[in-house]
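Shared chain: chain A. Partners: chain B in the first complex, chain C in the second.
Right, the complex of A and B next:
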């Protein structure tokens, strides 16, 4: 029982990490709470759902198309709603346009797919393996492998690929990066694109493992991403991993051992406690304010 | 070069005009006359508007005006972004609902207690501002709001869960029983006037100047000897007090109260109203309330497109006028 819960917790944690990465990168570059993140990922998940249900496209192709469309949507949101306001005096302004963009996407999703829970088709192998007497569903293992693989791939991309290095530079200091000849607008749009893509893949994996997709998962996704990012320490990949895992595992243990209706309140309470004890998150560095 | 000079000239002249206009408005005599006229107009409004449907909309506007003026104190005067305002609104609502239905309290003590309980929780949530800054504080408020709503949903013995508390009786104040829309309008008007008078007294006091200083430059304010942490906590608590009052009003006005009245969307809506109206000026949020309420009602026929239209309004207003419709100055970072 304990190991089952732990395994599912790790799987959910890996999915949360995927959703959090894009969010955390955007935050570390622009200091912008991207409220539209969750709605973008649910858009991609719905697209994947439609492709699978209506057109019977091969799951891999469907995921690829959905992720690309999600990335494009995220980039469009950035170009339309955030770019003009980047030099605005106060970040709160762009936060509100982010909220507005979230409403627009959410409402468009609702018009297209409605707000009831749809059953998401299984796209992965649904067998069960028996390892050391434990019943381990293959789906869970595959999801874990895909999620961890993407996280590793993204980390390598950031470290070694020139574009990845450009992203790190921009997140360090925008004016200096632009002096070094890095195209700021393109890099930021790329961050949104990648963040959107990873978010969509996370959303699809989440929907497969619970075989359900609904509109309400969008806003919850935004909150989850923000919470995980803050718990781990915002802006770092390691932080996203720690935060996502922590959230996934805690949620499952509380849900199973304490009470499922108090699962979310207790998770949020944990967040408050962590913020009070260590305001920068578990892995976060102390931010120094310039005078 | 010339081009730039011309542009700056143009800016200067518009700027001067704005200053002139503002000084006209700031003339105390004109201001008082305007307020008295506004109050007279408000008192006779029910005689002009005979339609109960419109009265209902106006009552909701008053409710949101109270909420937004309190939120504006937090947002516009200290720069703390609170996305958990609906929780304090809900605390007020549930306090009144539970005390009236289970313990036979009168409405007036309920109203005051609702405000005080919201104030206490506000101060409690404000305490972390000493350590947690900016966006993290925003997340704290989201977390608090969600905890409140989810507990209200899960604690069935106390709050009756998702069904909510129904059958809240007609409130009575000193023998005046508040039944019709018009009665509720006057109750709302009294609360709104109370809110406005107390807030303007507060903002124009020594205390108010201190927290405006904090908003303009926190570091400079603290160097001047203002205890920024304490001021922020107190201001946060006071903003929540008004949310408690509004919640109490909502409970008796709707006669039912459910956790879905206090979702995160509600907090977002309040923030939008404040920002669309303009932050940092006492009456400007009311403009936001009026615009957003009318937009919501006007688009009721095409309800499925409502959030889409509201979202587009938000994005366009802020792209082209970041300080809000009637805001005086945009936020400084």
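Right, the complex of A and C next:
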């Protein structure tokens, strides 16, 4: 029982990490709370749902199309709602347009897919294997592999690809990055695109493991990403991983051993306690101000 | 090489440059000197595209560049090494150099250039895997210069390279700048260390409150009573 809960906790944690990466990267570059993040991810998940239910498309292709469309939507939000307002002095303004963008996407989603819980089809093999008398839940392990694989892939991209390094430099210092010849707008749009894509894949994995997708999961996605990013230390990849895992594991243990109705209250209580003890998050460093 | 005519710019409604004319010929090393707040950094930032010019023209190698973005200007061949070095402190020394070569496709030659600068600044070679933020001020300045050179620029802007450095390092940095000029690089040097700047440059401009008030041969300016009085604290 304990290990089942732990495994599912880790799986949910890996999914939360995927959802958090985009949110946290955007924050690290622009110091912007991207309120539209969760609505973009649920948009992509709905697209995947429609492709699977209505058009019977191969799951892999459906995920790819949905993630790409999610990435494009995230980029459009950046170009239309944030880019012109990008300024050190007026961060509040883009915060408000972020909220606006979130509502526009949320309501469009509602027009298209309604606000009921829809049943999401199983896209991964749902059998349980029995090895040496242990029940191994194949679906959960597959989901975990996909999620961890994407996290590793993104980490390698940041570390070794020229544009990955460019993203890290832009997040450290935009004017100096531009003096290096890094195209700032293109790099930032890329962050939104990748963040949106990873978020959508996270949303699809989440929905398939709980066999459900609903409009409300969009807002919850934003809250999850925010909480995980803050717990782990906002702005860093390691922080997203630690925060996502923490949330996923906590939630599952509380849900199973206490009560699922106390899941969110206790999780957020932990958030408050962690922030009181370490305001920069578990992995967060003290932000140095530049002179 | 670089011709600037009646350039004006500033921050929002606050104007900082009031019609600057300046020229740098190919292969020249030129100083821009002036007091704090005179507009030296604003001038460099305007030419390299970090600040939008509100009036005037900037022509680099026959091409008008005043409306280009910084990443476009650096790709034309002007490398701006900013005040305060502004290295990427969270990244390794190596990554800082690699990012300096951003956009260059000649992988092999990038590697050769990096080796060249590790040789020129052995301390950078020793510490290439370390976070750049762990370097000392002088080492960071060397990294900033090497990073700016990774683009293989034709013209180098140096903003206060000696700021905050110990005297022995100041001499070293000035020697490096002199050597770079000898390799054929054109240089515009902004400095508060007026005496040293005038000694290693061929020509100089003096900026006061956003206007050029003197210009001429550096050696003549060094001898001028007014410069010695206002900037060298002599007489």
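One rule holds for everything that comes next: the second predicted complex is superposed on the first by the 283 of 291 C-alpha atoms of A that agree within 3 Å, B and C clash if a C-alpha of one lies under 4 Å from a C-alpha of the other, contacts with A are read in each partner's own complex, and residues count from 1 in each chain.
Everything that follows uses one rule, which is that a residue touches a chain if its C-beta (ideal position, glycine included) is under 8 Å from a C-beta of that chain, and two chains touch if they have at least 3 such contacts.
These numbers come from a predicted model, not from an experiment.
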{"item": "A:162 touches, of chain B and chain C: first, second, both or neither?", "value": "second"}
{"item": "Which of chain B and chain C A:184 touches, first, second, both or neither", "value": "second"}
{"item": "Touched partner set for A:152, first chain B, second chain C, both or neither", "value": "neither"}
{"item": "First, second, both or neither for A:172, with chain B first and chain C second", "value": "second"}
{"item": "Partner chain(s) touched by A:258 [first = chain B, second = chain C, both, neither]", "value": "neither"}
{"item": "First (chain B), second (chain C), both or neither touched by A:230", "value": "first"}
{"item": "First (chain B), second (chain C), both or neither touched by A:117", "value": "neither"}
{"item": "First, second, both or neither for A:279, with chain B first and chain C second", "value": "first"}
{"item": "Chain B or chain C, by number of chain A residues touched", "value": "B"}
{"item": "Doubly contacted chain A residues - partners chain C and chain B", "value": "291"}
{"item": "Chain B contact footprint on chain A (complex, rising order)", "value": "27, 31, 33, 80-81, 84-85, 88-93, 95-97, 99-104, 106-108, 110-111, 219, 223, 226-227, 230, 259, 261-262, 264-265, 268-269, 271-272, 275-276, 279, 291"}
{"item": "Contact set on chain C toward chain A in their complex", "value": "48-50, 69-71, 74-75, 79-80, 82, 84, 86, 88-91, 95, 98-100, 102-103, 147, 151"}
{"item": "Sites on chain B touched by chain A in the complex", "value": "75, 79, 81, 128, 131-133, 135-136, 138-140, 142-144, 146-147, 150-151, 153-154, 219, 264, 268, 271-272, 275, 304-308, 310-315, 318-319, 322, 330-333"}
{"item": "Contacting residues of chain A [partner chain C, same complex]", "value": "162, 165-166, 168-169, 172-173, 175-184, 288, 291"}
